[in-house]
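In this document, chain identifiers A, B, C and D correspond to the written order of the chains, with residue numbering beginning at 1 in each.
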Amino acid sequence: METALPERITSELEFFVRYAETDAMGVVHHASYVVYLEEARSHYARERGHSYAEFEASGFYLVVSDLQVRYAAPARYGDSLRAQCWIEELKSRQITFGYAIYRQSDGVLCVSAQTRHLCVDKQGQLARIPVQWRTWLG
Amino acid sequence: METALPERITSELEFFVRYAETDAMGVVHHASYVVYLEEARSHYARERGHSYAEFEASGFYLVVSDLQVRYAAPARYGDSLRAQCWIEELKSRQITFGYAIYRQSDGVLCVSAQTRHLCVDKQGQLARIPVQWRTWLG
Amino acid sequence: METALPERITSELEFFVRYAETDAMGVVHHASYVVYLEEARSHYARERGHSYAEFEASGFYLVVSDLQVRYAAPARYGDSLRAQCWIEELKSRQITFGYAIYRQSDGVLCVSAQTRHLCVDKQGQLARIPVQWRTWLG
Amino acid sequence: METALPERITSELEFFVRYAETDAMGVVHHASYVVYLEEARSHYARERGHSYAEFEASGFYLVVSDLQVRYAAPARYGDSLRAQCWIEELKSRQITFGYAIYRQSDGVLCVSAQTRHLCVDKQGQLARIPVQWRTWLG
């Protein structure tokens, strides 16, 4: 069952690059963006009024099954970044998030990405996303 | 040369624990706090009007020579933390920062810490902290 | 210019999951695998007789332009993993690596992945991969 | 109750610096060493015949209460490091590990450190380290 998205809701998280997130090339290490994506999802959930921590407390997990990242431009320590996050697709047992991360100073796109997640219960079994959580959609 | 601190200036940084910063014990991994301390220093500098990125751009680095952390209480994903940072001691070639990190929900102290830094130039030689940067002190 | 690969050379890196690489779900965090992929590439280069550190010392960088990861099964602290790495495609200015990461205990595939890299020089300009480095191919 | 250590048992772990562990200063980030220390402890336990994963499986945890690190010399991507780990003190409910991390190429000491750990049970209560685990001592 796929739900039509009448209108895309996009959250925006602004944050500074931390020094530890850079590497010897002088730029943000490519794995650090994967953590930014995750925090962008967390922010999306908080903005929608339901933290992902509550989701887990309710007995469900969204495990990452697929990750795709395109690196377009580097970011550096001291840069302020803006991470947009939205739901690309919502199915009964899975959800796909889309992302775009921009440098605030010049608006350049640094990264675009997608992550797909499966809903599992505490036993690790694939499960339907509970109805109340589908309101994340708006 | 040690400078007397007439009054301690303390910066406060508020942030959410990221999922990637937790470990299999269900709490924030002890190494993650070391990154929080660093970001607290960055925030201190930004609040004082001079980012650490500018400091490096001016040809100097503050390399960490000593780290001491006391872990008092755990933090978890979803927690909002407040990191205080201040200068404990400023010498001509070194600087010591102090820190306290609290859980916002109940005000419990999670971590107290100290880091000592040596000022070095681009050749890695010990150097005096340039006068204009000493204004970080206030 | 694409070079035909007469025979795929695959490197294998064995390592233990570190505690810091796990998360509150009790398993290896999905961003940790991105670091494993990178170390698998480093190992591939070392096995071929030319470390990536030497590559950078020669004035070139391989910057990640695309990352795709499929997460098939979780790994946990204490698990010994085996990361296979090979070159999927070598063009004059870019290289694509393929990966498979297995749990040693039961041979289960945890992750399969691809990363694409662009060769750039010290000025960040797209550059041809120097001839001597193409011997990574065998 | 403190146990006399007739002879110090020291484990040695050799590993390569990963690119992700470096920072924009071109050297290993200071927080990365905290992860190295942890892996050195894991290796110590494995060498002694009992993995820390088994320790947790038996219902106990060693939570870090104090961390002290002295940074003596930098390490870089491509360096091979050797991390020594030993028990400095063993009390009924706590254990202190000592560490020294060297660059293999020239034998230079990069980091010396200490971590103190409290033994807690699944409820997070302070607990005596079970007798069978005290054999970690030798």
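Throughout what follows, a residue touches a chain if its C-beta (ideal position, glycine included) is under 8 Å from a C-beta of that chain, and two chains touch if they have at least 3 such contacts.
Computed from a prediction, not measured in an experiment: that's the story for all the values here.
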Distance-maximising chain from chain A - centres being C-alpha averages: D
Between chain B and chain C, centroid-to-centroid distance (C-alpha), Å: 34
Approximate Å spacing (C-alpha centroids) for the pair chain B, chain D: 24
Length of the line joining the C-alpha centres of chain C and chain D, rounded to whole Å: 28
For chain B, residues contacting two or more additional chains: 19-20, 24, 31, 34-35, 38, 56, 76-77
Pairwise touch network: line, ring, star, complete, or other: complete
Contact footprint of chain B on chain C as seen in their complex: 19-20, 22-24, 26-27, 29, 31, 76-77
Residue ranges of chain A in contact with chain B within the complex: 16, 18-20, 34-35, 38-39, 42, 46, 51-54, 56, 76-78
Parts of chain A lying in touch with chain C, wherever the complex brings them together: 24-25, 30-31, 34-35, 38, 56, 61, 63-71, 74
